[in-house]
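Report on the structure given below.
Per-chain numbering from 1; labels A, B, C and D assigned in written order.
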Amino acid sequence: MHFGLTEEQKLLQETVRSFVAGECPPQVVRAVFDAGGAHDPALWKGLSELGVAGMVVPEVYGGAGLELLDLALVAEELGAGAVPAPFLGHAMACVALSLGASESQRERWLPALASGELVGTVGWSEPGGVIDPEAFTVEFREGALFGAKSLVPNASAAGLLVVAGPDGRLFVVERGAPGLRTEAVSNIDRTRPLEKVILEGVPAEELEQPVGDRVRDAGLVLLAADAFGCGHRLVRMSAEYAKARQQFGRPIAEFQAVKHQLANMAVEIDPSRALWWFAAHAFDHMPEEREKAAALAKAHITDRAARVARDAVEAHGGLGFTWECDVQIYFKRAAFDRVVLGTPDQHRDRIADLGGY
Amino acid sequence: MDLRLGAHYDELRERVREFARANWPLRGAEAELPRREQEILFRRRAIEAGLLARTVPRAYGGAEVPTDPIAEAVIRQELDAAGAPHRASPQGTHMLVPTLLEEGSEAQKRHYIPPTLVGEIYWCQGYSEPGAGSDLASLQSRAVAHGDHFVITGQKIWTSNAFEADMMFGLFRTEADEPRSGGLSYLLVDMKSPGIDVRPLRQMNGGEEFCEVFFDEVRVPIENLVGRRGEGWKVSKATLKHERMLIGDASYARIHFQNLLDLARRVRHGGRPAIEDPGIRRRLAELEGWIACQVHASQRILSAVARNEDLEVLPDMLMAKLNSTNVFQRMTRMALDLLGEEALTEPSPDETGMAVGTPTPGRWVSQAMVAIGTAIAGGTSNIQRNIIGERVLGLPRDPRPPGSAGGART
Amino acid sequence: MHFGLTEEQKLLQETVRSFVAGECPPQVVRAVFDAGGAHDPALWKGLSELGVAGMVVPEVYGGAGLELLDLALVAEELGAGAVPAPFLGHAMACVALSLGASESQRERWLPALASGELVGTVGWSEPGGVIDPEAFTVEFREGALFGAKSLVPNASAAGLLVVAGPDGRLFVVERGAPGLRTEAVSNIDRTRPLEKVILEGVPAEELEQPVGDRVRDAGLVLLAADAFGCGHRLVRMSAEYAKARQQFGRPIAEFQAVKHQLANMAVEIDPSRALWWFAAHAFDHMPEEREKAAALAKAHITDRAARVARDAVEAHGGLGFTWECDVQIYFKRAAFDRVVLGTPDQHRDRIADLGGY
Amino acid sequence: MDLRLGAHYDELRERVREFARANWPLRGAEAELPRREQEILFRRRAIEAGLLARTVPRAYGGAEVPTDPIAEAVIRQELDAAGAPHRASPQGTHMLVPTLLEEGSEAQKRHYIPPTLVGEIYWCQGYSEPGAGSDLASLQSRAVAHGDHFVITGQKIWTSNAFEADMMFGLFRTEADEPRSGGLSYLLVDMKSPGIDVRPLRQMNGGEEFCEVFFDEVRVPIENLVGRRGEGWKVSKATLKHERMLIGDASYARIHFQNLLDLARRVRHGGRPAIEDPGIRRRLAELEGWIACQVHASQRILSAVARNEDLEVLPDMLMAKLNSTNVFQRMTRMALDLLGEEALTEPSPDETGMAVGTPTPGRWVSQAMVAIGTAIAGGTSNIQRNIIGERVLGLPRDPRPPGSAGGART
């Protein structure tokens, strides 16, 4: 038994971490954020060269053939750095095609996705916060899609869009297809734009396997890992601030009340690391646990991170309330993780059903 | 207990309504004046009618009637309802004016109070500095005496509305050799003085209510010193007291709760209006318990103050800010839960103010951030806990680290 | 307008407070508690001589003709002293007869209730936690009652039992009536025994007015006031303990974390005083507000007191966890206040209905 | 990650099952022995089979096999499932034995460890005193050297199961002139010594798991000193470390949660099973998130310790106790809400233990109190927060008040 990471995975963490530190330090995030969150192709290219884009794509199509845990470890680092990249949607699209596509579909799309030249994304939720596929109203008639998807990550940057329908069915739409329209969605997290996608008879191709549930579960785990990265980093930022900030003649970290608030923040988020590791592992190896573990990780960890983010603002005093302080960027990223693909309460309703309550 | 206002106040209410109907909006040629001048006119008339600046002596432009907090609450309600511009610069009327009345020279009172009451002078407050949040005793901005002037160099932060302010009152270090709170003076600074640079401070919700103010050898006439040199700390205390009471005001809690109910009726959870979900209903009812406490506790405080029984409710007044901060945070968290995917809406500039406006998703998102901000503003919640521990429960003060002076907390 | 107490009410508080301090100090409470919570007639007699028993009974029947707020102020003091007395049930019974009885019924029972010679109580809840009168199964047939009431306070000590039926109907049963049976109920609060009353064709007399709702609302307010008294006292006990207890060479009250925990406890309970004052006042003067205000006070304040009681145990360290420490007595009394006449969640369901949510 | 145990452990599991079937309960004449002797026999055989006392050298009565926490978890699970009495005195096997192995003399090891492992000697722990809860450095019980004996006078408190213990290990002040933690020694005390008086300490839930132990000139031979005189503080540290890990154990969280689900199925809210209420379901699912964290975090810790990667999970180990205390309190609060009127049930004596038994209302009520107790026991939650702040987040230690020595916290 081994509940932990392999040496390769630790190396992966290290590699992504130093890439982020070097290529996407806070001032780069800040520049993208203040500019309103445009896609940064150079950064994505760098990440793709590390192998991030093709991580779960089978090796035969140019990917690394790794597992969701590896992807989630990347998500943690991107969360910890608040990295602006079309990672979430792309990763979900890769899962969809790797698990659900026919041989010819794989050959057509996976190599470009694996290299990162083609950016993918997934449209899951429908307007009004609908996340249950049985309630989806998207329709596939005579080779064309009708309907709308809300909160689609980085839709404008994507060249390939996977649309989720009822019964786990998935459909691929390519950029520029007739009848395809995107609308910007107001989104406080400027590191990851969200768009509404409107499908008015858009030519689409159905994937061979209806693996919608797995695509969603992968997304839930990646959001949990990203939120963990945000929360974990926020606790450390707050601790550093408390050590540096002087009040009444000494660092505020010496005030016991401050110290205990910071300790409570750590206990809020840190013990949840093993939960998303487990959920990611279950995704590939424990089919019976997969769905519930992913929902638990998403509901629990994104709630914890949002809580830690509130506390981090307060822990930074007046500075924490300013736009110029990076805490707000993480605060908003944690809000994205909490809401996209369904709120904690929505997933708790599912957990109760899945747990046979 | 008797919660009826009584005939006296019912009459007052009627009189205020009538006054508002007759005096706002302005009519005829007056309606063509610039907005600010219209407001000044209205406030001047309201003071003449005994409705504003009630406790300020006539000599300084006030109405000079006996203090009556209940009457003032009635007046506020009715003028609010009429949309009349009765609030001038709150920093001016609620902070500077009481301070000048207590500590100002006769000349200062005559010069500054009348135009402040009607809103001819807008004020901002210069206390906080980057290195000194809760710890005002460690202020660094210096005012060096130089003939008949002080010359200020330094920086203030968290200055509300400094852009539109005509004047600032603030604390500056005049005696370099006295450590901590000993060497501060309370000065009035003309914001149009050369050497002042005001920069907006953008908040996490996108709003820009606060500014940084930079002073580069700004000259302030020596007659703008309030109280004695080096005793600014003492002069400022009345002001801080007033600020706490302002923030602890419960008036918007009920409105927020109604907005929350409306939101729960509008949004859908699991295909049905969220308001029909038993879990949501219970959470709303729990919130209403918190709000009812806040509302009735502030009724009680108002009533006690009106009867000169302030001492009986002192503990409650000391707890009001922390309690209202907690309740506000509970409400906005619930709002975010109800909003679902709309909880990501980025607030537009007109949704970021502190005021209660149409409860759009963007405004709720902004309020959720502002609710955290209120735990920081005007003394952080941790400072509030110290005050409650010491003054309500009689706990000892924190042991001071060697070398620090006393009096660091207010 | 006056949101506050009259001089008479302040005197009443003072009188009850010094009676409790003199006649029912902690060692007396302790003795009753350790003996398993028997009724203490001498104590009740003393309280009755103060006028507590007949407080809301009209003067013409020997009472003081006061209002629910006066009763609630007494409840606060009894809660603050954890006084073992059959006050709750008696007070509710007095409200029932004062508001609901016919002239002859009043003449028959009120003088003895007012003097405290006759102890009254009320059976409201039914087994299984049923508090909604429309769901009550007690039946009144041919002058006799059939059914059961659970959690009846001090039923054995009572000479008169008011039984609540559907539609606000109330029935009076006297001690020793045939078919009347009581069973002890396991109850952690040994200051106020609870019993189950079984009615197997017990002769009963219906009150003229169906004022069941008002009797319940009076009970809710009195429980809220009692809980407030418990919670307020617990915060002060904890503060005194923190000032006296030394650790690491200084009183623990000097540790900022302890100080802030105590401040949080105070902010938890103290601001709720105005809520039960309002609810008590509304009972007599604001019919439109009465029902909801009583439910809000009960749900909110008993929850707060239970929370403060948990924190008080922790604030007392190891001592707080012992039987010998008086904190446990208050902890259990607060639990009684929270559960009897319905839990906070049950009342929140009502509040939502009453508030037109 | 690989969560399969693998063939090696599957075989071990089978072997343990077989061992338990063959060895418990005892048969024939052995089944007539007193219960305690039967248990001693069973444990002796389990040690011989390499299933208990695994890491203790054979010279001291152990099995002397390489450390393998996963194997130990498998063994524990299977022996628990078989109802076999594999746990001797936990204070003895988990606290005293590791301490003696590190700090004891050869004679002490040979004399005390073998009978402790099989349960011939039951131990209790003498650390806490009425004036010293978290602050062990302020212990007052004195052990005065007198020829070849120490003479102890004083009092210990919170001594678990002192009634049935044969021996106590504890800290006593031997050097009167050294302040604070400097003058303590670690002594082994025979509980049958004249002058010892054990009195039960009743808990708020009615249970009596803890005692007060009074010492009136109790003589302890000088060879019962472990380590050096005056260095008891250092000797005790290994033990305290072990205690923290015991309390942080996650093994019962899942069982509690299942019991909570069963409770929600049984009780009714608003005329329907509580489990059907959306608000209740959501609260249960939220709890399950907390529990899943605790369960998987402890899996991870176990796995890391088994691979000698303790350092990687040190922060997690430091947080485990506070986290599990928080989760346990959340669970019992939910149970009280579900119980409704049964939440007033007074626990009977057999419902007050720490062990998980049939989840009756009385046991839930007791657990709700025990959950508060766990925030107090073994270092209060506040001490845990200090440790996390300092050792996980690298925050500075509290500034010490003048005159206090260092080393006050563990």
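Just so it is clear, contacts are C-beta pairs under 8 Å (C-beta built on N, C-alpha and C of every residue); 3 or more make two chains touch, one makes a residue touch a chain.
Computed from a predicted model, the values in this text were never measured in an experiment.
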item: Pair exhibiting more inter-chain C-beta contacts, A-D or C-D; value: A-D
item: Chain of greatest Cα-centre distance to chain C; value: A
item: Approximate Å spacing (C-alpha centroids) for the pair chain A, chain B; value: 41
item: Inter-chain centre distance, chain B versus chain D - centres from mean C-alpha coordinates, in Å; value: 54
item: Junction residues of chain D, two or more chains touched; value: 270, 278, 282, 382, 385, 398-399, 401
item: Of all residues in chain A, the ones touching two or more other chains; value: 250, 254-257, 259-260, 345, 349
item: Chain C-facing residues of chain B, complex; value: 1-6, 9, 70, 261, 264, 275, 278, 281-282, 284-286, 288-290, 292-294, 296-297, 299-300, 302-304, 306-307, 309, 312, 315-316, 319-320, 322-323, 326, 382, 384-386, 388-390, 392-396, 398-399
item: Residues of chain C that touch chain D when the two form their complex; value: 125, 128-129, 135, 150-151, 185-190, 194, 246-250, 254-255, 257-258, 310, 313-314, 317-318, 320-325, 327-328, 331, 335-336, 338-340, 343, 345-346, 349
item: Residue ranges of chain D touching chain B (in the complex, touch as defined); value: 270, 277-280, 282-283, 399, 401-402
item: Contacting residues of chain A [partner chain D, same complex]; value: 1-5, 69, 235-236, 239, 242-243, 250-251, 253-254, 256, 259-260, 262-264, 266-267, 270-275, 277-278, 281, 285-286, 293, 296, 299-301, 303, 344-345, 347-349, 351-352, 355, 357
item: Of chain B, residues touching chain A in the complex; value: 128, 131-135, 137-138, 157-158, 201-204, 206, 267-271, 329, 336-337, 340-341, 343-346, 362, 365, 369, 372-373, 375-377, 380-382, 385, 398, 401, 403-404, 408
